[in-house]
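Each remark here refers to the structure printed beneath this line.
Letters A, B, C and D name the chains as they come in the text, with residue numbers starting at 1 for each one.
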Amino acid sequence: MLRPQVAPMGWNSWDCYGAAVTEKEVRQNAEFMATNLKKYGWEYIVVDIQWYEPGATNHEYRPFADLCMDEYGRLLPAPNRFPSAADGKGFAPLADYVHSLGLKFGIHIMRGIPRQAVHRNCPVLGTDKTARDAARFNSICVWNPDMYGAKANDAGQAYYDSIFQLYAQWGVDYIKCDDICRELPHEEEELLMISRALENCGRGMILSLSPGPALLEKAELYKQVANMWRITDDFWDDWKLLYAMFERAEKWSIHAGAGHYPDADMLPIGPIRQDYDKNNRTAFTEDEQITMMTLWSIMRSPLIIGGEMTGFDEFTMNLITNERILRMHRNSRNARQVFRRCSGGNEFVVWTAGDCEGGAYIAVFNAGSESGQIAFSMEELELNGQDHNATELWSGESAEFRESISAEVPAHGAKVFYIAN
Amino acid sequence: MLRPQVAPMGWNSWDCYGAAVTEKEVRQNAEFMATNLKKYGWEYIVVDIQWYEPGATNHEYRPFADLCMDEYGRLLPAPNRFPSAADGKGFAPLADYVHSLGLKFGIHIMRGIPRQAVHRNCPVLGTDKTARDAARFNSICVWNPDMYGAKANDAGQAYYDSIFQLYAQWGVDYIKCDDICRELPHEEEELLMISRALENCGRGMILSLSPGPALLEKAELYKQVANMWRITDDFWDDWKLLYAMFERAEKWSIHAGAGHYPDADMLPIGPIRQDYDKNNRTAFTEDEQITMMTLWSIMRSPLIIGGEMTGFDEFTMNLITNERILRMHRNSRNARQVFRRCSGGNEFVVWTAGDCEGGAYIAVFNAGSESGQIAFSMEELELNGQDHNATELWSGESAEFRESISAEVPAHGAKVFYIAN
Amino acid sequence: MLRPQVAPMGWNSWDCYGAAVTEKEVRQNAEFMATNLKKYGWEYIVVDIQWYEPGATNHEYRPFADLCMDEYGRLLPAPNRFPSAADGKGFAPLADYVHSLGLKFGIHIMRGIPRQAVHRNCPVLGTDKTARDAARFNSICVWNPDMYGAKANDAGQAYYDSIFQLYAQWGVDYIKCDDICRELPHEEEELLMISRALENCGRGMILSLSPGPALLEKAELYKQVANMWRITDDFWDDWKLLYAMFERAEKWSIHAGAGHYPDADMLPIGPIRQDYDKNNRTAFTEDEQITMMTLWSIMRSPLIIGGEMTGFDEFTMNLITNERILRMHRNSRNARQVFRRCSGGNEFVVWTAGDCEGGAYIAVFNAGSESGQIAFSMEELELNGQDHNATELWSGESAEFRESISAEVPAHGAKVFYIAN
Amino acid sequence: MLRPQVAPMGWNSWDCYGAAVTEKEVRQNAEFMATNLKKYGWEYIVVDIQWYEPGATNHEYRPFADLCMDEYGRLLPAPNRFPSAADGKGFAPLADYVHSLGLKFGIHIMRGIPRQAVHRNCPVLGTDKTARDAARFNSICVWNPDMYGAKANDAGQAYYDSIFQLYAQWGVDYIKCDDICRELPHEEEELLMISRALENCGRGMILSLSPGPALLEKAELYKQVANMWRITDDFWDDWKLLYAMFERAEKWSIHAGAGHYPDADMLPIGPIRQDYDKNNRTAFTEDEQITMMTLWSIMRSPLIIGGEMTGFDEFTMNLITNERILRMHRNSRNARQVFRRCSGGNEFVVWTAGDCEGGAYIAVFNAGSESGQIAFSMEELELNGQDHNATELWSGESAEFRESISAEVPAHGAKVFYIAN
């Protein structure tokens, strides 16, 4: 299994294009990333759900739509949406292009085997079995109509092997597997088949599990087979969801590190929901976006941009290219919530983390609806012995703390300090 | 809605032939019933599940098997199993034959629309819709692979209308609809569509709901749309299941009458499970069969024979042709459990019921594993004013009770007394 | 065990005087009953909770109040409230007086042994045990501060024996035991001790269990040890509570009869809550009171008046002295809900019952907020063979029904018809 | 609130003497600690439950026993067990003696106010209220008979103030408050009253909450009011309980530090349960004790010895005086479980922690029933940049790790390595 030392950073097509993204849009974002973001560590370009559905137009799924599929029941990119995939070339040309830009290429898959393959009774590549042998007739996804779950038998494993073999041929670097994480433990056997197929395919790929919320009691399993797993249901630009993430992040904080990362989901920033209206922009305030980026970074969540990057404004570009923040995302260790308490009518949440060089990060979030001042002792952070010259990472301003830390934080906003060793 | 004054009495193919019954077997049972049982009130001949599956061989379902179906996605009897159904005649010839014997004809259906129709995108008869418009992609039966649930929309209603129209053409008298009763309330809308389709098809049919256990809190709904509904999961020849029926029967007793009957399921008597071995016979003792027949009759459950009738022995024939017992089944009113208590190491259950003529039934069950004597006062039954000359219905023997009733009842057995007005 | 053929009818002090009733008030209600109601069947006069608490002033309990108690830890009537109880005479003089009026006398008790007796370490009469041996330190009532639960040991049984011996000496006819019914099965052993103490005390007494809701799965136990048990938490003059009683009554209907009666609680009619304000009257409308009296009577609930009877107006007197209704209460058999359905914007509930003479009762309740018409077929009641000349019991008016029954029923009101054999 | 930088270390009387410890036993353990253990950091001597019960003889509680109490309902040490407490001196002489040895003194209390004080209606010191005003009649402990819970009112607060004032006069340094932690949130108001009483009493005391399991969702509350709280029900010398502690420790690990410590309960080592038999010794194997001491130390649990220290053998003395282990207990920071996995038939659990000097601890537990070898990469611990010369802390032996760590660990045993910065 790959063990990336930094939680994956990239872009995913879902927030802006739903099930309907096209090759043109993927390419323009890849080009933008290569030009503007690669130098900051951003590297994955991920095509999300239903790239095999010729008629997808937005975030909805058309039940029982005819899907692009090869004779072995393996789904293929719809050539009307991904022209380079014509003539059975699949995602190989697009992956090649992304690689040519110095980036990496990822795709979304659903757990299981296409219902269409099952009802057509397709053979499973390299076996004398068929899709009907591999499918579980009573295992379905409740929100997507495409697949049956796969049986934990030879046919099921062979089908998974056949698709990972294809993805390896295409040059895929990253698999976001869906309908696999919240449903555990029921789908545990299926997750193990996927893991084996990945190990056997001959190409290293990041494995990302979805949707959440993942099950805390299954953390050790996720850590053994996956690089990232969603700790939340779909995250969108809504303060209630961001507020709820503090608790999720706290619970999962001890499980980040060494190649496996609890995943707080994509960053819905800039132009999103472009399939519905080109004027759509994130509903998060700037302070909320700073809160999000601070929490994701200190907890070492994967950072996956959800917006159409070619439309990013200056604020958004600064948000994702602040070198001090991205350094925290790389170097944070043992991050955890220190306390959460009400003070002066606001609710404050404080996190700390160390880094590899003996420094300390202190993030202060104001979850209240008014700007407010918080103060607390260094003793509460057990940072008594540290040098107290701090830098606020978003602004770059210096601060000096002696026995206590004090900060003014805007409503729904955050500040984060670094104290070097 | 039909309101049969007596709970339906008949035969069903499941217990002896599972999903694999053939026309020959149906005919031989119909002929046996016409000759031997019709005069006692037995009248329905019901073909159970998967008559449309050419390859069915026993009680198991083959996932994703190819089913016999017309161009409108309506399932048809498999001609290899039902030769008279060839050339699109469906069950009409078989129904005609059953009618010619003076009996009535019933079939089993699954809730929903065939997955095969959906993936082939069949048109819905008389509409510009297709099966894909009618199906719910995430509504399936957990134990049978054939169907998707139907949406509560015009296409869904039209599909149900189209099948009931077909069944009316065939001359069907009785529909056993499966996967509809335990799943309520989720499938409540689908049940209402079925009810409307039945009302609109122009032919009166009994509607039987399955599987159980039905939901007690939905009793008023069942009473408004159905004639019978299963109060239990599949019932088989196992004392534990029969023992558990006392409690189910007690709870549902107030809902029997006026054309709607809580259904304790089929009577697994005589030769059953014939698809596995022709030597298979019910595992119930004779006393257990008497207990079953007594409880089903006093509570007015439908009486649906499950065994191969041509193989019935004398005991079994007597069990189902005792005129005193069948009279109780017809005339019982306000049946209920009076008490259930332990006495002398056994557990006794006592039921009473009235009849239309002012008489009273008193059933005494011994649920213990030893033969035992029970005695209790007439006062406990509130029968103080009744004439105390009683007849035991199974034996026909007279008994005289004054202030108390006393009876010796064998282990797992029953006695039932009638006191005329 | 006593087996009264008619569910108990009487008066209880709770609704009007809470924990604070005095001898004067009990006597005036007893005298009123003897003069005006005895001839209709009303006979019990019951003193409710905390007659042993000198300082009780209303429906609240004073925690840790000093209670009147004998040397054996047996509670005694507070002489300041019950002057005839002075000099250790207990309730004997009051019981004698009630008996002299031709009525019967009842008292309320709490499950267990007084905490005061335990902390004073009183001896248990006739044993070498003390209250500390009899008490369970961790069994308390959550809403009343007086008692500890009793252990199921010799000391516990001896304590219960000692109090029932005292009550027998006093001439008590009726025990309402509280904190014993909802808590089952945890307190099941304690209920059995109470039952044994009652059986052994040498005097027949009605045993009434409280509070509810009783547990349906314990019905057989209640029937074996008690004459009545509360199927609801405290019932008051609130339509929501009356509305909820339809469902409770339906569930419990099969358990009424032969000396044991599910109890829908007292009738809060006329002047109630007199401890707070002498002007307080029931908040029920007249139609709601008719609904209540009809439902309680057809289901054979005990009828226990809760209001100060000397203040009853003409409507209230008619409500409780309608001979046709009271005859139904005596003679109803096999009562049950036939259906409950919405019609014309209202919700109608229909009950039927038989009687000992082959007649039939049909009660029609309008649970909706508008007066409305309901019609349904005789077939639905399975009364096809009955004579169809009916009498409406509240009004005494005649009605003729042929194939269907039709009635106009006011909002929250009821009509009830009798069809003689 | 006190914020001890090291989790409390001491001795408690429960494991060896239950509710029956005497002054003699307390003194002999204090003397032993002063002589032999003080130099290693051990300092608290804590008298556990029911020091006010003259008749306590073992781990059981006598229901409704007469307790030693002053006129204000404040419990006092039973002079027959604690002679120096005679003449109302309370624990002051014993506390003085413990202080004279250079140690600190603690006592156990139950949440609430004595039932005996309530039923005697004692005045609350310095108020015109009585115990009856302060007590909640329906709040009791389910396993101990002594107390009622206190109301969150002036009387309740005054009672708590009065006892903390007394404890401050005695010179108490440590309060173990029982019946307060598992019951949250129901008892949350009572915990806040206790916290206020402690803050107001004028003497700094450690506050320890019991019993567990504490509620994870209340962690922020515990951190604000207490120094330690039990994360488990009573812990004893049983492998199943020790095994279960891995999961509890993992969940709570992020909440240790800055004066507040999740508490894995006392160490049942050496002679325990001395009230039943003087020959009783811990049932833990030596390896299990090493596992316990390693886990408690790396997670920074309080270390409270449960055995009779004067009877400790050489192994036990080494267990609690290993300077390398105790240094880890003092210096561990950000401890957490890295993984838990099966390998070679055994289940291994690995924890890491940092320390203030940039070093790293790595604890390897073998939860399996066979001795076994485990190996894993440094990368998994994210210790890539560390110096790899390690010391195993129990043995003091050196080890050299390059890219991976490998260790042979006995069944139920542990090894723990330190890698300096």
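Criterion: a contact is a pair of C-beta atoms (placed from the backbone, for glycine too) under 8 Å apart; a residue touches a chain by one contact, two chains touch by 3 or more.
Keep in mind that what you see is a predicted model, and the values were worked out from it rather than measured.
For the interfaces A-B and B-C, the C-beta contact count is higher for B-C. Of the chain pairs listed in A-D, B-C or A-B, the one whose interface repeats that of C-D (more than half of its contact pairs identical by residue number) is A-B. Centres computed as Cα averages put chain B at a distance of 64 Å from chain D. Centroid to centroid, with C-alpha atoms defining each point, chain B and chain C lie 42 Å apart.
With centres defined as mean CA coordinates, chain B is found 53 Å away from chain A.
Annotation for chain D: no residues touch 2 or more other chains.
If you sketch which chains touch which, the chains form one closed loop in which each chain touches exactly two neighbours. Interface note: chains touch in the pairs A-B, A-D, B-C, C-D. For chain B in complex with chain C, the touching residues are 3, 5, 220, 223-224, 250, 253-254, 257-259, 333-334, 336-341, 354, 356, 358, 379-382, 385, 421.
Put simply, chain A touches chain B in their complex at residues 63-64, 115-116, 118-121, 132, 135, 137-138, 140-143, 145.
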